[in-house]
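You will see two complexes here that share chain A, one where it goes with chain B and one where it goes with chain C.
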Partner chain A sequence: MSKVFGIALGILAAIGGFVDIGDIVFNVAAGATFGYQLLWAVVIGVGGIVTYAEMCGRVAAVSEKAVFDVVRERLGFSAGLVALCAGQLVNVLTLAAEIGGVAIVLQLLSGASYAQLLVLSVIGVAIVLWAMPFEWIERVFGYCGLGLLVFAVGALKLHPDWAAVAHGFAPSTGSGDRWVYAYFVVGLIGAAMIPYEVYFYSSGAVEERWGPKDLGLNRANAMIGYALGGILSFALMISAGALLLPKGIDAELLGTVALVAEAPLGQIGLILALVGMLFAISGAAIDSTFSGAYNMAQFFGWEWGKYREHAGAPRFTLAWIVMLVLAFAIVVTGVDPILVTELSVIFSVVALPLTYTPILLVANDRAYMGNHANGVVANVFGVLYLVVVLVIALAAVPLLVISNMGQG
Partner chain B sequence: MMKEIDLGLGLLDHQLVDSEGRRCGKVDDLELEGVRSGRPRVAAILVGASAWRGRGRLGRLAAWIVGGRLVRVPWDEVAEVTAEVVLRRAAHELGLGRGDDRARAIVERLPGSR
Partner chain C sequence: MWLSALLALACTLGGCAPGDPAKQAEAIRSIAAEAALLAHDAGEEGSSTETFVREHAEALERKLDEVRSVVDDQRLASVAADVAGQLARLAESPGDQRAAKTSERELERAARRAEELAK
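Let's look at the complex of A and B:
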């Protein structure tokens, strides 16, 4: 019974931790621009993260290797180094975006100045990372992130045209500017599959010493937790489509996002939305900070791990401190965090194939995986998503330019 | 150790762990001997940024930028090869993990690091 309970709690944390600033920005902007037409792209993105999170978790449980152990072993030093640099660039950009997002949400809650709140956000994240036991971090931020469910309630209360919503789940070429539409397709898939999630997830699995007995837990986390997390993305897009599109409101500000919950649910909705956003985004900031340190340590063979005292894994500790400093240096220039968010998502798409190719190879290698190597289903989805990822990786930067970052 | 290992996929770039279970670098390169005689064997594991020189152009560039020492771990010091390469002695006895030692001196100055 306690095992089932534990799994359920893990799933809840996975749901609450699914959405980050990239998902919020792209889903709300997509809803405000194209209504419900792009829901199918979220489905594809969620399918991708489920497929590869399950695979990374399984590889970690069976072979005791996290993503960047595998990347280096399979790609070798040089190609692995390229993957590392790409992954780290994206991690720092993502972290910068999350920290900027945290500051904006705090600003909406408190009214203090953005610059002061940026400093507060970074210090807050650093203190949590330094002082809070890891299980707590995962649970507290995951559960409080569930405040975002207010958007699901809001979406229902806005009485969207359900026929149009259903229609949106079928892939289409959409109406409106076709380059902007394509840009959003890439952004929505990229936001759902943002790579720090699998870096973090697989490293956590190695740290918690998962073995083959934990494969059920892995499947539950990936297939149920991440899949249900996708519902939050749907809710964001549907609410934005029902509320913002008819009024012609642009969704360039995070404040607009919170209004999406306030309109149908009043002040309680607004506060729940802001608190949910605060914890979801700062949870993502924590995960991406650690992901950067995990990647470095795994690539270079340093001692790593958050269960150790900080001095027990010193280069790992310095690595995450440096991550925070770099990310802070980016946002403190005053650059728009929404801009950084879009760039981080689009560039993460470019980096995805470098991460997922070695994982797919290792997950098929019986020398590593024994009886737990990929079956037919995992391979069909794995290869399918590798193709999807390659296509959107090639399209990402040209679309960014042609669509003028989705502005048309 | 009679287990068959593919050197390229099963040893190179794998994690090194010392006798105390501490992670202490990667198998950055291998020193082979007897290649000409037709009976090649692994003489040593090479560890450290300088060992990247043998790892392609980017490896040479990275080695040039980072510099540092090359640590040679004789193959006799390897206890077993599992998911990781487990060594017979503690990292410091083999000259490994120096980077972590230097970083520890910094991290230990921060309150609550232990």
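Let's look at the complex of A and C:
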């Protein structure tokens, strides 16, 4: 019974921790621009993260190797270094966006100055990283991120056209500006499959000392937790499509996202949305900070892991402190965190094949994985998603330029 | 391609506002419509918080300022000025429900005028 309870808690944390600032920005902007037409792209993105999170969790449980151990082994030092640099650039940009996002949400809650809240956000993240045990970080931020379920209630209260919603789950070329539509397809898939999630997930599996006995837990977390987490993305897009599109409102501010919950549910909806966003975004900031440090440590063979304490893994600790400083240096220039979010998602798409190809190769290697190597179903989905990832990686930067960052 | 991307990036990060008058009108319409929604909630008891109304109105004002800095069309500039005035009122008195209801009507009117100018 306690095992089932543990699995249920893990799934809840995975649901609450699924959405980050990239998902929030792209889903609400897509809903405001195209209504429900792009729901199918979220399904593809969620399928991709479920496929590869399950795979890298399984690799970590069986081989005790996290993603950048595998990248270094499979790609070699030089190509691996390219993957590391690309991954770290995206991690720092993502972290900058998340810290800026946390400061904006705190500003909407408290009215204090943005500059002060930026400093407070960085210090807050650093204290949590330094002092909070790993499983507490995962659970506290995951559970409080469930506040975002208010958008699902809001979506119901906004009475969307359910026939149009159902139609949105069928892939289409969309109406309106084709380049902008394609840009959002890439952004939505990229936001769902952003690489730091698998870096963190696989490193977390090693941190929690998963073994082959935990493969069921891995499958439950990845398949049920992430899949249900996708509901939050659907809710954000459906709410924006029902409320913002008919009024011709673009969604370029985090306050607009909160307004989407406030309009149907009033003050309680507003507060739940802001608190949910605060925990979802700060949880993602913590994940991406750790991911950067995990990647460096795994690639260069340093001691790593939160369970080792700070003195036991000094270079790992220094790496996450440097990540935080770099992200703060970006966001303190006054750059708009929403723009940084869009850029981080689009550049992460370019880096996706460098992360996912080695995972697929190792998950197929029977010398590593023994009986736990990929079966037919995992391989069909793995290869299919690798093709998707390659296509969107090639299209991402041209679409960024042609669509004027989705502005048309 | 990379140079174009970087230029687009620099322009975007620098806050380049749309140059096309129709796009400027669309941007002003969007801000006015969002401000009207914010004012609607500010005018209803228990629908929002004063802090949120003030902070979001100020954020919309900053966004509007970016567009206003490149608007040449006199009619559009006039609409933008009206929207800016209403946003300033909302930010100054976020708890004044009667004023918020007046602002909502003005902002809805401004959104319709901007929509006409975008055609």
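Just so it is clear, the second predicted complex is superposed on the first by the 408 of 408 C-alpha atoms of A that agree within 3 Å, B and C clash if a C-alpha of one lies under 4 Å from a C-alpha of the other, contacts with A are read in each partner's own complex, and residues count from 1 in each chain.
We take it that a residue touches a chain if its C-beta (ideal position, glycine included) is under 8 Å from a C-beta of that chain, and two chains touch if they have at least 3 such contacts.
Note that this is a predicted model, so its numbers are computed, not measured.
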item: Which superposed partner A:64 touches (first chain B, second chain C, both, neither); value: first
item: Which of chain B and chain C A:401 touches, first, second, both or neither; value: second
item: Partner chain in contact with A:270 - chain B first, chain C second, else both or neither; value: second
item: Touching partner for A:343 - first (chain B), second (chain C), both, neither; value: second
item: First (chain B), second (chain C), both or neither touched by A:258; value: second
item: Chain B versus chain C as contact partner of A:172, first or second or both or neither; value: neither
item: First, second, both or neither for A:82, with chain B first and chain C second; value: first
item: Shared chain A contacts, counted only where both chain B and chain C touch the same residue; value: none
item: Residue ranges of chain A touching chain C (in the complex, touch as defined); value: 107-111, 243, 247-250, 252-253, 255-256, 258-259, 262-263, 266-267, 270-271, 274, 335-336, 339, 343, 397-398, 400-401, 404-405, 407-408
item: Chain B partner contacts - residues on chain A that touch it in the complex; value: 63-65, 69, 72-74, 76-78, 80-82, 130-131, 297, 299-304, 309-311, 313-315, 317-318, 367
item: Parts of chain B lying in touch with chain A, wherever the complex brings them together; value: 6, 9-10, 12-16, 22-26, 28, 52, 55-59, 62, 83-84, 97, 99-101, 103-104, 106-108, 110, 112-114
item: Touching residues (chain side chain C, partner chain A) in the complex; value: 1-2, 4-5, 8-9, 12-13, 15, 18, 23, 26-27, 29-30, 33-34, 37-38, 40-41, 44, 46-49, 51-52, 54-56, 59-60, 63, 111, 115
